[in-house]
Amino acid sequence: MDGFILTLSCPDRVGIVHAVTGFLAEHDCNILDSQQFGDRDTGRFFMRVHLESNNRPLDLDDLRAAFARVGESFSMDWHIDGEAARARIIIMVSQQGHCLNDLLYRWRIGSLPADIAGIISNHRDFESLANSYEIPYYYVPITPQSRDDAEQRLLDIVAENHVELVILARYMQILSARVCEQLPGRIINIHHSFLPSFKGAKPYHQAHDRGVKLIGATAHYVTANLDEGPIIEQEVARVDHGDDAPNLTSIGRDVECLALARAVRWHLEHRVLVDGHKTIVFR
Amino acid sequence: MDGFILTLSCPDRVGIVHAVTGFLAEHDCNILDSQQFGDRDTGRFFMRVHLESNNRPLDLDDLRAAFARVGESFSMDWHIDGEAARARIIIMVSQQGHCLNDLLYRWRIGSLPADIAGIISNHRDFESLANSYEIPYYYVPITPQSRDDAEQRLLDIVAENHVELVILARYMQILSARVCEQLPGRIINIHHSFLPSFKGAKPYHQAHDRGVKLIGATAHYVTANLDEGPIIEQEVARVDHGDDAPNLTSIGRDVECLALARAVRWHLEHRVLVDGHKTIVFR
Amino acid sequence: MDGFILTLSCPDRVGIVHAVTGFLAEHDCNILDSQQFGDRDTGRFFMRVHLESNNRPLDLDDLRAAFARVGESFSMDWHIDGEAARARIIIMVSQQGHCLNDLLYRWRIGSLPADIAGIISNHRDFESLANSYEIPYYYVPITPQSRDDAEQRLLDIVAENHVELVILARYMQILSARVCEQLPGRIINIHHSFLPSFKGAKPYHQAHDRGVKLIGATAHYVTANLDEGPIIEQEVARVDHGDDAPNLTSIGRDVECLALARAVRWHLEHRVLVDGHKTIVFR
Amino acid sequence: MDGFILTLSCPDRVGIVHAVTGFLAEHDCNILDSQQFGDRDTGRFFMRVHLESNNRPLDLDDLRAAFARVGESFSMDWHIDGEAARARIIIMVSQQGHCLNDLLYRWRIGSLPADIAGIISNHRDFESLANSYEIPYYYVPITPQSRDDAEQRLLDIVAENHVELVILARYMQILSARVCEQLPGRIINIHHSFLPSFKGAKPYHQAHDRGVKLIGATAHYVTANLDEGPIIEQEVARVDHGDDAPNLTSIGRDVECLALARAVRWHLEHRVLVDGHKTIVFR
C-alpha cells in the first residue's frame, strides 16, 4: 500500500483532530505518525499526518477530492502528497561549493527525496561537478546591468521545469523582492551566522571581531526582508580566541552543510509549516 | 478549566486514535497536545494526550470511569491524571550531593511538579540541606548485616508516604532485586557514564583509562539487572587528554544534573512510557 | 611544593617564551602547564604558566620581585599568584536565584576557588539561602532616587572586603558607567541570550518572537557599554516551535548556570586574559 | 619565511621547555604557537611547537641535524616537518562512500593538507567518483582465499607510493595483525559507534536495540586489537525512540564524517601524539 502525507493549518477550534481521524477511518486509512501544534499567539492549528491505506490502493486525486469537504469546513490550508512523490528542485551556488557538494551526495544515496532539475550559478566553478552527477548546469552571470534579465532567467527555469523548491547553497547574490514574492516559502537560504546575530556581509569576520565563543549557521525561507525570513534550522560549533576569520570560515562550512541539509530534507518531507514569520517543524 | 494527561499503550491496530479522539469529542474535551508512536519491533502503540474540558468542569473519577470501556476494547494499559496533580517522590543520596541540590532548587522554583516526601541517605552529609528546605531526612545507614533491614525501611517509607517515584541521585548502594521488582518503572537512577560504556564502579576512571574524548551520564529506570534498565535520557560533555579522573568527575557533575533533572521532569509530566527494555519519551 | 600561576601580556616579539622559561629554570621551577597566544590583529602576546618549585619552597613576594626585571624588559602586564590563593568575591542577584544557587553549591564542594565575601541584592528573596551557607547578605534596595547611594554602598562593600571579583548572577539593575569603570575586568555578568543577538530586556521573549531554534547565554565582563563587554563563555540549548517564552526561560536557566559557572571558574583560575574588547581563554 | 612543526615526547623532567626554546632562540626562530602536556600517569612529556625563522630562510635538514643533540640529551622521540609539506595518503572504502566524498571535497578546497596517492576498495562503487577527482583507484577484491594477497597488495601500494597515512573511510574488512603492526600510528579508522559502546558489527542496530538517546562515532588509530586503538576524536548526535536502525545509520553518517575529518586533519597537522593506548591532541 502507498503512503501519503497530509499537512494542514487552520484557525484552532474543537473537533479538528476528530474530523481528520474520522475522515481517515472512513477511508480505511491507518495513521503511521501524526503531530499537531496549536499556536496560542496566532490562534492557528497545525497538523501533519503520515497515513497509509489499510487494504486497497488509494488514488491521490480521489483522496484530495474527498478531503476537500473537511478542509473547507475548517477553512484549512491543506495539502496531500504521495510519500514517494519527489519534488523538483534547483540548487543555486556561487563560488563556495561545500553545501552543493554535500547536497549532491545526499541526493545520490537517496537521502534527499527530490529530483534535481538543475544547478544555477553566476560562476563556472562547479560545472564539472554538475556534469559528474549528470545534472544540467545553468551559467547565469550577473552584472549590475544584467541583474533583471538574470532573475527572469531564474524564474523561467523554475517555471519550465516545474520546480517546487529553490535552494540557495551559498549563492552570494541578493534576490530582488520580485523573485522572493513570486516564490513564497519556496526558497531556502543558508546564512552563515547564528541569526539574528551578524546579518549581512562577512558574518565570520563580524563574529571574529566580536569575539564570540560559538559560531552558527541558519537555514531560513527567503523573504523580501534580507536575513529576516522564517528560520527552519540552526546549528552551532565551538570556537576560541585562536580561531581567526579563515578558521571560522572553515569550521563554519560543516555547520552550514548540516543546517541546510536538515532544513531541505524536512521541507521535502513536508515537515515544515510556515506560521507567520516563524516555522513549525514536525521532526 | 482543568487539564488532564492521558497516556496509553496497547497492541497496534486501526482505529485507536479515532476511538480516543471520538471519546474526547463526546466528552467535549479539547486536545491541547498529542503525540503517538507505533513500535514496529514490538507491535505496540503508544499515545499521550494533553486535554482540557471545553466548557464544564470535569471530574477525574468520572472521566476514568467513562474511558474504561475504550481502554478495555483495545486492551490498553492507560492512565489519566490531573495536570495539576503532584506525585509524591523520595530522593536518595549518598555523599555526592550535586544532583540532590539541583533537584531541590528546581523543586523550590516550581519546575519539578512533585511533592518531596523525604530524602533518604546512608550518610548524614545532607541533613542540614534537607532541613533548610524543611524536608524530612531519613538517615538509614547500611552495613552488610543491615542491608535487608535498610531496604525494608525504604519500602516502608515508600508505602507509608504513598510515594510514586524514587530518585537515586548518586545513591551509591545497589538495590536488591526484591526492591527493584516491587517498584517497576518507579525508580530512576543517574549513572555517571554514557551507557552501555563503563558500567559498574568508577566510570570516570574507566573513561580516563580508555582515553575517550567525550564523557556522559545516563538517567534510566532501575531494574534487577544493574545498569541495564530502560534509558530515559543521556547527555555528554567534551573532555581532552589534559583532564584527569578528578576533572572528569567535576565536568561530569554538570552532565549528571542535566540528564537526571530532565528524566525526572519528563517522568513527572507523564512523558515517559516504558516499551520493553526501552523508553518512549514524548517531549 | 606550592604551585604558582604566572599570566602575562605584552607586545609580541622574539624571545619572550625563552626569557620566561629561562627565568623559571634559573629559579629551579618546573612548568606543569603552559599556554600562549599571539594576536596578529593587535600584535599582543599572551601567556599563562602553571609552575611549581622543584626543590625548595618559594616565597611569592621574592618570586614577584625577581620577575619584575623580566616583566619590565618586555613591557609586560604580568601577575603571579599562588595556586592555592583564593580571591574574595561578591555575588549580586535580584529575584532569579538559579545561578546563585548553582554557584553556592560549587563553592561549597570546593570547585570554585574563592572566598565569598557576601551576597548583595535589591530584594530579600535569598536571605535565608545566604544564611544557610553562613554568608553575609547585604540588602540594598534600589529606587530611582537611591541609585547613586546604592552604587556607593556596593563600592564600599567591595573596598572594605578587598573584593577582587563581582559576579552579576541575574542582577537585573544596570550598573552606571562610574561603577563599570572603577572595576574594569572585575565584574562578570550573565546575559540570558546568545550575544550579540537579543541585547537588552526580555531576551527570551525576543527569541520566541524571532522563532530561533537554539537559545543561548553569554558570560561577559561588564563595561560601560551595556551587553558589549568582552565575552568569556557562551552556551546554547535546542528549542522548538512548541516552546513558549516561559519554556525558553526554563530551558535557559540551565544554560545560564553552565556559562556563568565556567566563566567564573576560569577567571578565578587566571585563565581569562582581556585582549581589547575580546578575551583569551586558556582552558 | 617558512614555518615548521616540531613535535616531541620524552620522559618528563625539568628543563625540557627551556632547552627547546633556547635552541629556537639560538637559531633565531620565533614561536608562533606552542602546546605541552605532562602525563602524570605515564611520566611522559609531550610538546608541539609551530615555529618560523625570524630573518633568514631555514633548511629543514640543517634544522633536524642541529636539533638531534637536544633530542638525544632528553631521549626524545621527535619530528620536525615543514609546515607546507604534504603527507601522502591512501583512502580505503567499501560500499558506504559518505566519508570518502567528504574527505575528497575537503581535500579539493585545500582544507586537508595531503596528497592523495590513491583510493583502495574491495568494490567498484566509487571508481567514477575517484576518476572525477583524477585520483588512482585500486580495485582490490577480497575473498577468504585472497585476503593475504590483498593485504600484500595494500602494503605494496603503501610502500611504492611512500604513503604515510592510510584512512579507513568505512572500509568494512578487518585488517590482519600483520598489517596493523607494520603501520603503527599510521592507520586511522572511523568506527560508527561511541566506543567503547557497541564494538564489532552493526553498531547502529546494537544502539537501536539498547535504546540509547545519543549515537556516536569514533575515529581511532588501528591496532591489532579490533576497536581498541587510541581514540583521536568522537562525536555524537541526539536520537529518539522514533529513529529505527536505518534512521540511526542516516544520522550517523554526518557524525562519522565530522569525527573522521577532524581526526585526519589533526593528524596531518601533527597535532596528534600517541601516548600508550591514548592520544594527546594539541588542538
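For clarity, chains are labelled A, B, C and D in written order, and residue numbers in each chain start from 1.
Here, a residue touches a chain if its C-beta (ideal position, glycine included) is under 8 Å from a C-beta of that chain, and two chains touch if they have at least 3 such contacts.
Since we're looking at a predicted model, the values are computed, not measured.
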Checklist entry - Taking shared residue numbers divided by all residue numbers at the interface, is the value for chain B and chain C over half (same) or under half (different)? => result same
Next on the checklist: Based on mean C-alpha positions, I'd like to know which chain lies farthest from chain B.
Outcome noted: D
Checklist entry - Which pair, B-D or C-D, has more C-beta contacts? => result B-D
Checklist entry - If you average the CA atoms of chain B and of chain D, how far apart do the two points sit, in angstrom? => result 41
Item to check | Chain centre separation (chain C, chain D; CA means) in Å | outcome: 37
Item to check | Sites on chain B at which at least two other chains make contact | outcome: 33, 37, 242
Next on the checklist: Help me check something: in the complex, which residues belonging to chain B touch chain A?
Outcome noted: 14-15, 17-18, 21-22, 24-25, 28, 30-38, 54, 238
Next on the checklist: Applying the document's contact rule, which stretches of chain A touch chain C when the two form their complex?
Outcome noted: 37, 39-40, 194-198, 210-214, 216, 230-236, 240-242, 244, 275, 277-281, 283
Checklist entry - Which of the residues in chain A come into contact with chain D in the complex? => result 33, 97-98, 101-102, 105, 109, 111, 128-129, 132, 242, 250, 253-254, 258, 261
